[in-house]
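Note that the chains are named A, B and C in the order they appear, and that numbering of residues resets to 1 at the start of each chain.
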Amino acid sequence: MTKDNDHISKRKFMEELYRYKRGSVTRRHFLGVTGLGTASAVLAAAVPALRPRRAWAQGDIGDRVVLATWPNYHDPANFEAFTEATGAAVDVNVFGSNEEMLAKLQAGGSGWDVFVPTNYTITTYVGEGLIDPLDAARMANYDASAFDPRFAGPGIVDNTLYAVSKNWGTTGYAINISKNDNVTPTSWKEFWDMTMDSFSGRTMVHDYQLTTIGNALKYFGYSFNSVDPAELADAEKLLLDAKPHLFAINSDYQPSMRSGDAWMTMCWTGDGKQMNRDMPEIVYVLGKEGGELWSDFYAIPKGAPHLDAAYALIDFLLTPEVNAKEALFHGYPVADSRVNALLPAEVLNDPILYPAAELLDALEFGAAATLTDPNRAELLARFKSA
Amino acid sequence: MNKAAYAPPPSKATLGPIAELRNVSKRFGDILAADGLDLSIMSGEFLSFLGPSGCGKTTALRILAGFEAPTTGEVLLDGEIVNDLDPFRRPVNMVFQHYALFPHLTVAQNIGYGLRQRRPRPPRDEIERKVKTALEIVRLEGFEDRRIWEMSGGQQQRVALARAIVNEPKLLLLDEPMAALDRKLRKEMQIELQNIQRRLGMTFILVTHDQEEALSMSDRICIMRDGRIVQTGTPRELYDQPRNRYVAGFVGTSNFFDGVVESVAADQAQVSVKGGIVLAGRAISPVAVGQEVSVSVRPEQIRLERANAADRPGWPVTILNRIFLGEHTEYLVKHESLGEFMVLTPRQAELSDGPFNAGERLMALWEAGGALVLKQD
Amino acid sequence: MTQRSRNLLLLAPAGAWFLVMLVIPLTVVLIFSFGERGAAGGYVPAFTLDQYANLPARWAAFKNTLILAPAGTLASLLIAYPLAYYLAVRADPRWKTVLLVLVIVPFWTSILIRSYAWIFLLGGRGIPALLAAIGIEDVRLINTPFAVLIGIVYGYLPLMVFPIFVNLDRLDKRLLEASSDLGASPWRTFLQVTLPMSLPGIATGCLLVFILLMGEFLIPAILGGGKVFFVGNALVDLFLQSRNWAFGSAVAATLVILMLVTVTAYMRLIRRLGAQREDVALM
């Protein structure tokens, strides 16, 4: 049994609530923000009787390992298998934003063994001395040559390996084309123009400065990562003009898209895939002007209490067979060629998961400076409180 | 005092009863709180419901006020059946047992409350004038703007009274209005209430469990027991001709000698009591030979004498106890067969023959007319 | 032990609590509000009024809060009063407790989950779909101030019901009979006796709900779709997203001051209304 079950059952409850066939699997889910996920995981960890007895282990790695990650980002069956094999139960702490993870690590005493940072945060963690370099020798299943350097690269800072690639994805938008005469738009320009016209009251944007401002910058053809005051002023004007036409400013967009309340939304790969699978009229679009490319990593925070278990868990999850099961469960692309070799062809050929090269080339990784820029943070806050 | 303000309203009830209960019963679950009440209330009279706690006095009052609908029977006001008339439409007002004054209003606002409910609403100065008069009547001039909680119990009671009489109701119902007052205040209020009633000519129905209160104030008294009216009459009627032992015991005090009727001639009965003694007495209601009855002799009907003239029948008794009451002296005496009984001797009598001392042996005697033969119930 | 030292001992736990949970944090907030944001977020000591000068940037949040908090309080009152009245005065005494528990039951579930249910009810497949069925097309409820108002009323109803219930339950029913006896119809009895006598309960309920609403952020976040923005939401963003503690503190301090001013004015008003009453202790 894994501690993630608690969270899963809660999700099941929500599913029944909305009578969604497959439920909402949103990467930066609202649950994380409100701390509900964290609370249940902590509770479960506090009850020792719930922890399984150790069955078998290659050397003693302890009876538990604490993982801080995003909601619905793992196959619970894999955690069960890990516990079966090593005797260490996985305590899952669910988070809602990179900022929150950073704040928690900065405060100290997080108790985490493994966490899942996004590419643009790693240099900050290194700079603040919050994470330890990874010892590749302790991860038998890590094969650097198998990883696409485009996605795995941000894990290496100053030629030192700090984080190994978990998944990658894009940030585009999802649109219900049945509301648009079955015409699929192709650009961020169309996204914003439609929002203020035929889709008024039906569009959602993220409650996340990186993507919401970044994709507004794209309307003008500016860099997704721009911190230029003039360019940001243009973006702010666009956002303020669009605000009265928005359905919501919320990163939990699947329920509204599925219910038909919202027709178009900024969207991450996995959500786009899930909605498209259930409702083919919802298609996933990468703006031709570009947008965000992101990748998530496994990393070990400084002072992890169960270091052996941390390495064991990362190594286990990097096992190609295990990682393939993960990918099939959550639907995000993997940068590991060994894993891709195990995935069915229809997954690899899916244009949502693996976009055409020219679309991918137009995308930018979010930059560390973009995330921490005070002007961008304040801009989004002004936009929301306008 | 502005008496004219409270001239009794002209009413056809001066000809007949102003209120009537016709075979009224009220059932609360298993409890029959009122059981076949029959009663006519005359305009301008002061009537009391007297009975022990729980006998249904309040229930009878609440039926008249309209707070309880009778289970069976009819309620009439001014000759009309009002069973279904809401309380707020009845020309009846009530002084509640714990006054039920409005704590959020001043004294004047409390008193004017009923007037302000009238439609059309009387002009402000008229309300003010009437409130002022009412305050004068209950002698609370100058207390207009006081808060209720600033008033003493006695003053609150007066406010409650003023709040009711200011509406000039056809019927004023008072539910044990003096129960919460101390003895001295109660006496004063009894007299005052009686004066007010006389002066205003209003019809009062008073509920009380205090026989002295009922006797001293009422024109008529309704003796109640277990939801039923046992006897209705003037205080004198009830005192002199109680229908049964219960009434005699409730109205004044009496000595009861229980026994069996031996013979009856006209209204005179011979009753065999303890120790083979036979007592004679007047039967208030017909009794039959063999019936169990009580012979009732009021303490003040009994005389005590030192010297016993052989020709006068008397009962040799020993004085057990003596209580000096000023005007009277109360003796507890004991006869070897009849047992203990009370004797009340006027001071007048003692001047010639008394006082008697505890332990003294005397003769107790009473006139034949002083003994009543009463049914047990 | 003297009476005085006993009193001090009695007050000590509350005093310590007050100091640790209220005075110290408020002082810190006040100090921070005159500081500046650090380059990487957080707080840098300074003495500047810049943060307060920047307050107009959150004008909409203050406006929303100052409109929707009183409106929500009023709406809660209008719905809670009849309910409390029914429970206290009309309901069969045998069922009173059960009914009361039913009012609290929703409180056993997180406000989050309860509000999520409203997302569905107010969304296109909920009430608007029903309205469409009777010919009222294209009603948008979710993510509007109205939706937030509904969520507020729903979430805070028990808080409003309880003080009013307790008040009405204690109301001497004989006063109502007295009023009726004096010729007042049931409606006039309600207006002249029940309502004024239940003012303390109303005052307590309104105060509780209003104070909590001034700091609310969850309901607007969920049912307002991020578009109905309260000061509470602005604070969440300032502390958790942009990590601008100085400005966040200025906003928080302003909110506290606004709250103090409103609540003081409100208490004055209530005290004036209640000056004519026996139970002066309205709080």
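The criterion applied here is as follows: contacts are C-beta pairs under 8 Å (C-beta built on N, C-alpha and C of every residue); 3 or more make two chains touch, one makes a residue touch a chain.
Since this is a predicted model, take the numbers as computed values, not measurements.
The minimum number of touch steps separating chain A from chain B is 2.
For the pairs B-C and A-C, the count of C-beta pairs in contact is higher at A-C.
Comparing chain C-alpha centroids with the centroid of the full set of protein C-alpha atoms picks out C as the closest.
In this assembly, the C-alpha centroid of chain A lies 89 Å from the C-alpha centroid of chain B.
Chain B and chain C, compared by their mean Cα positions, are separated by 57 Å. Between the Cα centres of chain A and chain C there is a gap of 36 Å.
Looking at the complex, you find that chain A touches chain C at residues 13-14, 17-18, 30, 34, 36, 97, 99-100, 103, 201, 204, 207, 209, 243, 246-250, 255-256, 259-261, 372, 374, 377-378, 380-382, 384-386. Contacts from chain C toward chain B in the complex involve residues 172, 174-175, 177-186, 188-189, 192-193, 196-197, 276-279. Residues 65, 67, 86-89, 92-94, 96, 98, 100-106, 113-114, 117-118, 147-149, 163, 167 of chain B are the ones that touch chain C when the two sit in their complex. Touching chain A in their complex are the following residues of chain C: 37, 39-41, 57-61, 110, 112-113, 116-117, 119-120, 123-125, 140, 142-143, 218, 222, 225-227, 229, 233-234, 237-238, 240-244.
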